[in-house]
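Dropping the structures in below, format is structure tokens.
In what follows, chain A forms one complex with chain B and a second complex with chain C.
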Partner chain A sequence: MTSIWPVLWLCARHELVLAVRSRWLQLFAVVFAALALAIAGAGYVLSGGHGLQDFSRTAVSLVQVVLLLVPLAALVFGGLALTPERGAAELLYSQPVSRGAILLGRMLGVWMALSAAELVGFGAAGLVMQSQSGIDGWWRYGALIGTAVAITGVFLAIAALLASGNAGRRTRVLATALVVWFVAVVVFDIAALGAASLLRSGSASRLLIAATLVNPVDAARTGALLAIEGTAAFGGASLALLRFTGGPATTAGLVVLSLLAWLVAPLVLAVRALSRADI
Partner chain B sequence: MPTALLLAAALLQDPAAPSSGGLEGRPPADQASPIQLLIDRAAPGDRIEVPAGTYAGDVFIDRPLTLIGLGRPTLLGSGHGSVVRIRAADVVIEGFAIDGRSGGDLGRDSSGIHISAPRVTVRACQVRQSLFGVYLYAADDVTVEDSEITGIPDRDPGEVGSGIHVWNSHRFSLQRNRITGVRDGMYIQSSSHGVVQGNRAGQLRYGLHYMYSDDNRFEDNVFEDGAAGAALMYSRRLVFRRNQFIHNRGFASVGLLLKHCDDVMAEDNLIGDNARGVFLDGSYRNQFRGNVIAMSDVALVIYQSNGDNVFAGNAFVGNLSPLSLVGKRTDTRFDRNYWSDHGEPDLDGDGLADRPYRLTSIFDHVRGNLTAADLFSHSLAVAALGAAERAFPVLDPIPVVDPQPLARPPALTAVPTERTAEFRSAASLGPPLLLLLVGGGLLAAGGRSWARSAA
Partner chain C sequence: MIQYRGFTKRFTGRTAVDTLTLGVPAGSVVALLGPNGSGKTTSIKAAAGLIRPDAGEVLIGEQQLSALDPQGRRRCAFLPQRVSFPDTLTGREVVEFYRRLRQAPADAADRVLKFASLNGAGARAVGTYSGGMIQRLGLAVATLGTTEVLLLDEPTAALDPEGLAAFYQLVEARRRAGGTVFFSSHQLGDIERLADAVAVIVAGRLVAEFTGSDLAARLADRGVMRVRMAAPAAEILDRVRTRCAGAFWSGSELMIPGPASLRPAVLEAIRGGGAEILGLTTEEGRLEAFYRELIEASS
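What follows is the complex of A and B.
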């Protein structure tokens, strides 16, 4: 039994090369960088030029873009890259290495490619923000980038699960991916708010707070905004959240736990589904 | 008969037996400052210069004098009452550090400087460890300027007095003072025609607090980090411009609070980064023009008990929610304000957005009962709800509307800009550059050399 690391690494590199060569990644990199630049450029203007927390407000808008665009890109890319297709996949998965290792390696490669595109976008935006108002606190900037990379991983894992469960049916994978994206970004929140409006205020608060931690998009947004803006991010609701979870440290822990769960659980399921798939 | 009068006067001045609620008089000999001898020997109008050093004991000034501290001498109070008691008109006191030693009694108005005579000037003094900083007690035409009041740190707001307390004193002038760690920075009661200008008050309950004080003006002040930047109560015809009400971020903190205030004019103020921007209760005919109200959780809290208030030409920027309405309706008028979250186009190019701005929405209705709903306030779901509400207005919440909102932020050049510590050193360009390099490198490497080695 040889180590799986060389396999992982080889697959990751292979996938990175494929991703970089694809027009899709280039397009994503350009769109992402353009949006980040536009937001960074508009941030100072929008604050009315009155010097109040320019970086924070710009960062909030960047978080919004990250949480809209990145899950979609990750799901689509993951779906395209990881769905086993006739031909290449047949050859690849017939090699004497575990299917799981191949899947993880390929997912890692896509993750690297997407993260690289995000880093370019954030780097450009950072330069603009720096030239306008200065960035106070590098850890805030770090929180922003960490959020983007983490949420990329989470939705790649979900894409891997969709892809492994639907071997050879790429269209179906992409369609499901779109539904997942829409649910995660919009439907879940509306459902949570709707359910909360039917409950009494105590249990409604608990439901909403639990909902923000369960949905990876909400967890990432809540964590990132609290890290960047402090309790000003959601006003009184921030304090309600902190009181519910028992402090900033446990809140951070719960957010990380939620994201980790959403990264690991779909991957485990994906590996299991793939090992049983008929390719 | 004359001896009896003298006796009565002596009794009145005896601190051992103060008449209840009366003014503090001459300190007893063992609590008096060595400076007292100089004052008692001075003729009216004399100028007394006090060299640097520490002088223990309280000071009683009963004749017009100019008392100058050279090299900021310290007047260390007895800890039994006010440190400097000014009972004569036209006194000037300048350049002292005054230490109240956390002593005295709130009920007897123990202060760093206690003034009960007109036309007194306090200049460039530092008052610390004192229940009240400077107390104006029925003292008209008093000026307090360039002074610093630091209060008694770590004490509950109920256990300390105000930084500058103005009671029944008209035409006062408070200029360029810095106040921290007291209950209210400047507390003004039953006093009119005063000016408060260029002061900075923070880390306290209210930066500025008016009670029953009409016809006052305050300008160019900074009120930060308190339960309320300024609390205006039961006063009429206040005018204020170019002030900053900022960083009042406590759970129920307010930038600017009006309670039963009428005919107030607020212009060119910056009300930013507060839990709640402007709070209006029981107030009539107030005008808010050309202010910036930014980055609040709720920009405006308006009670039904108000009437005829007008917000015109203000910029509402980056607030989580524009309005929290307490009650069923309001007649507050909104006219040509800028709302950064409006996002409607201006196709005819007249500078006004083509659709009115609604200050109330379904989401506000939900969050009105439920604080935790704000956790979703940045969610796309809320934007979707708003869009749906505009498209299908089946649920019409309480209509509060700016019929002609500005399409672009107005150029409010008179509004002060918060000075922030900026660090724009070349070194801090590093991280973004590093990101660019790492990201670009990965992409480039993926496209070229690795491809070759893999092949």
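What follows is the complex of A and C.
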């Protein structure tokens, strides 16, 4: 095959079929639906009422949970799917096609599968919410699903990078994936806030702005809050970024650029590492 | 068809293959023989484009394309030692995926599934296959398309009898069609049966090259015949030593080292001495000892 596109699409479809048959993916869809419904219900229960919150409130409440769980699902599921066992990797990469096309195609397939699980899970919960609380604010809920799909792509690209240098070493990939998740979701913010508290105001702001754009989880959080509720729900770091950029449009542009960079850079490095790796 | 030119590969300080220079001519069946850890798999994988040389190169075909170049790999099909496939796919789905990847004709999937005796099991998930069936599925994938070179890493190690028959049939068919087969093995039976030539690699170095029949003869020279009798008898040993000077008693067994061609005359001598033979076994030359001799000879 001279063009990489047929190979890419063939590998994507192959991976999509494999992922759809995986019990893990089916479980993810159920978990996403259950979480969305639980959060939609919990809001009223905690305030003494019953029923389900509308789309807007649920979307805001779900942002943190999505940014906690979706990167974990993408790193673990992607890491395992993109690290074939040694015998499978040897057969696959001995075929007369570019290794990069195979990796990109497989990553695309996993992305489609996980995105489908998110759409089905959150979508099913959305249908229930709509029947109980109406259609108002549905696009905010849609923005949340869009954020989930985007952050899935980013963390799948990171999983592809981890897998590219570790053909057949699934345990190592899985362990590294968990470390990456813990650093990105938990450690990074604590470290950034801790460092900022030791600096003067101007330097602390610059550090928090950089931290928001450097960590894809923070960038996605800023983007999701901006899309769902405007700047009202911003935390300190996002507000610093907003002040620095001078308005929501530029902030949104920088967030998109940050996420695009986190999608493209690991994939470029992954393709390069895989093309040089001994399988 | 395959040219190793000073191919060297190191893994974390250990030299797996050291300046291997070897040619596998077009239309030949060549076996790579060596003990475990000698560099056989690394060498075969380098020809499949899976291993990047630290020094030297591996070239494929008349145009001498690098094995790392997908165009070079187009001429080869590779079967790993322990192939594996996703459990949730059916055998046919696996073959169909690789058929499309190799751009093989649409009827190739049916052909190779039938060849590997999997046409009945093609609709079943790979997770339900036995180890032998999985290896046969690997063989089916390796025979998709019309590649000039088959690269097989220990192909018979995990094959069941049906797979073994299919493998022998495949190699013979390739030989008749003028194709090239390069395989690694430490099964002497396979090598004697299939190989036109044998390259022996020990500790990453090529230590000898033989024709298949040369190797069989050399190993037979290192064989031992054990003849069990009721009791040791000095006069029998004297008679046998006229045919085989190295013969000796080991308990009630008379040990006769040397080539298989000696054995009829030795047995005749024993019978001529009036001794009753209670049992007879033969051991062909041990490969490990043969490897040691080759290393000593090459150094």
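As a convention for this text, the second predicted complex is superposed on the first by the 247 of 279 C-alpha atoms of A that agree within 3 Å, B and C clash if a C-alpha of one lies under 4 Å from a C-alpha of the other, contacts with A are read in each partner's own complex, and residues count from 1 in each chain.
Criterion: a residue touches a chain if its C-beta (ideal position, glycine included) is under 8 Å from a C-beta of that chain, and two chains touch if they have at least 3 such contacts.
Just so we're clear, the structure is a prediction, and the values are computed from it rather than from any experiment.
Engineer: In the superposed arrangement, which partner chain does A:Ser201 touch: chain B (first), chain C (second), both, or neither?
Structural biologist: So A:Ser201 only meets chain B here.
Engineer: Based on the superposed arrangement, let me know which partner A:Gly87 touches: chain B (first), chain C (second), both, or neither?
Structural biologist: The answer is second: A:Gly87 touches chain C but not chain B.
Engineer: Between chain B (first) and chain C (second), which, if any, makes contact with A:Ala192: first, second, both or neither?
Structural biologist: first
Engineer: A:Leu242 contacts which: chain B (first), chain C (second), both, neither?
Structural biologist: So A:Leu242 meets neither chain B nor chain C here.
Engineer: According to the stated criteria, A:Ala116 is in contact with first (chain B), second (chain C), both, or neither; which is it?
Structural biologist: first
Engineer: Counting only touches as set out at the top, which of chain B and chain C does A:Leu68 meet: first, second, both, neither?
Structural biologist: Touch partner of A:Leu68: chain B, not chain C.
Engineer: Using the superposition on chain A described above, determine whether A:Leu178 touches chain B (first), chain C (second), both, or neither.
Structural biologist: In the superposed model, A:Leu178 contacts neither chain B nor chain C.
Engineer: Determine, under the contact definition given at the top, whether A:Val60 touches first (chain B), second (chain C), both, or neither.
Structural biologist: Touch status of A:Val60: first partner only.
Engineer: Considering only the touch criterion stated at the top, classify A:Val214 as touching first (chain B), second (chain C), both, or neither.
Structural biologist: In the superposition, A:Val214 contacts neither chain B nor chain C.
Engineer: Who touches more of chain A, chain B or chain C?
Structural biologist: Touched residues of chain A are more numerous for B.
Engineer: Please identify the positions on chain A that touch both chain B and chain C, taking each partner from its own complex.
Structural biologist: Of chain A, residues 14, 17, 21 contact chain B in one complex and chain C in the other.
Engineer: Name, in rising order, each residue of chain B that touches chain A in their complex.
Structural biologist: 246, 249, 251, 270, 272-273, 275, 292, 294-295, 297-298, 315, 317-318, 320, 340, 363, 366, 369-382, 384-385, 409, 412, 415-424, 428-429, 431-440, 442-443, 446-447, 450-451, 454
Engineer: Tell me, which parts of chain C touch chain A in their complex?
Structural biologist: It is residues 9, 11, 45, 48-52, 70-71, 73-74, 76-86, 88-89, 93, 97-98, 100-103, 138, 141, 151 of chain C that touch chain A.
Engineer: Which bits of chain A are touching chain B when the two form their complex?
Structural biologist: 13-14, 16-17, 19-21, 25, 29, 45-53, 57, 60, 63-64, 68, 112-113, 115-127, 130-131, 133-136, 138, 141, 145, 185-190, 192-193, 196-197, 201, 204-205, 208-209, 212, 218, 221-222, 225, 231-241
Engineer: Quick check on the complex: what are the chain A residues that touch chain C?
Structural biologist: Its residues touching chain C are 1, 7, 10, 14, 17-18, 21-22, 84-88, 90-91, 93-98, 276, 278-279.
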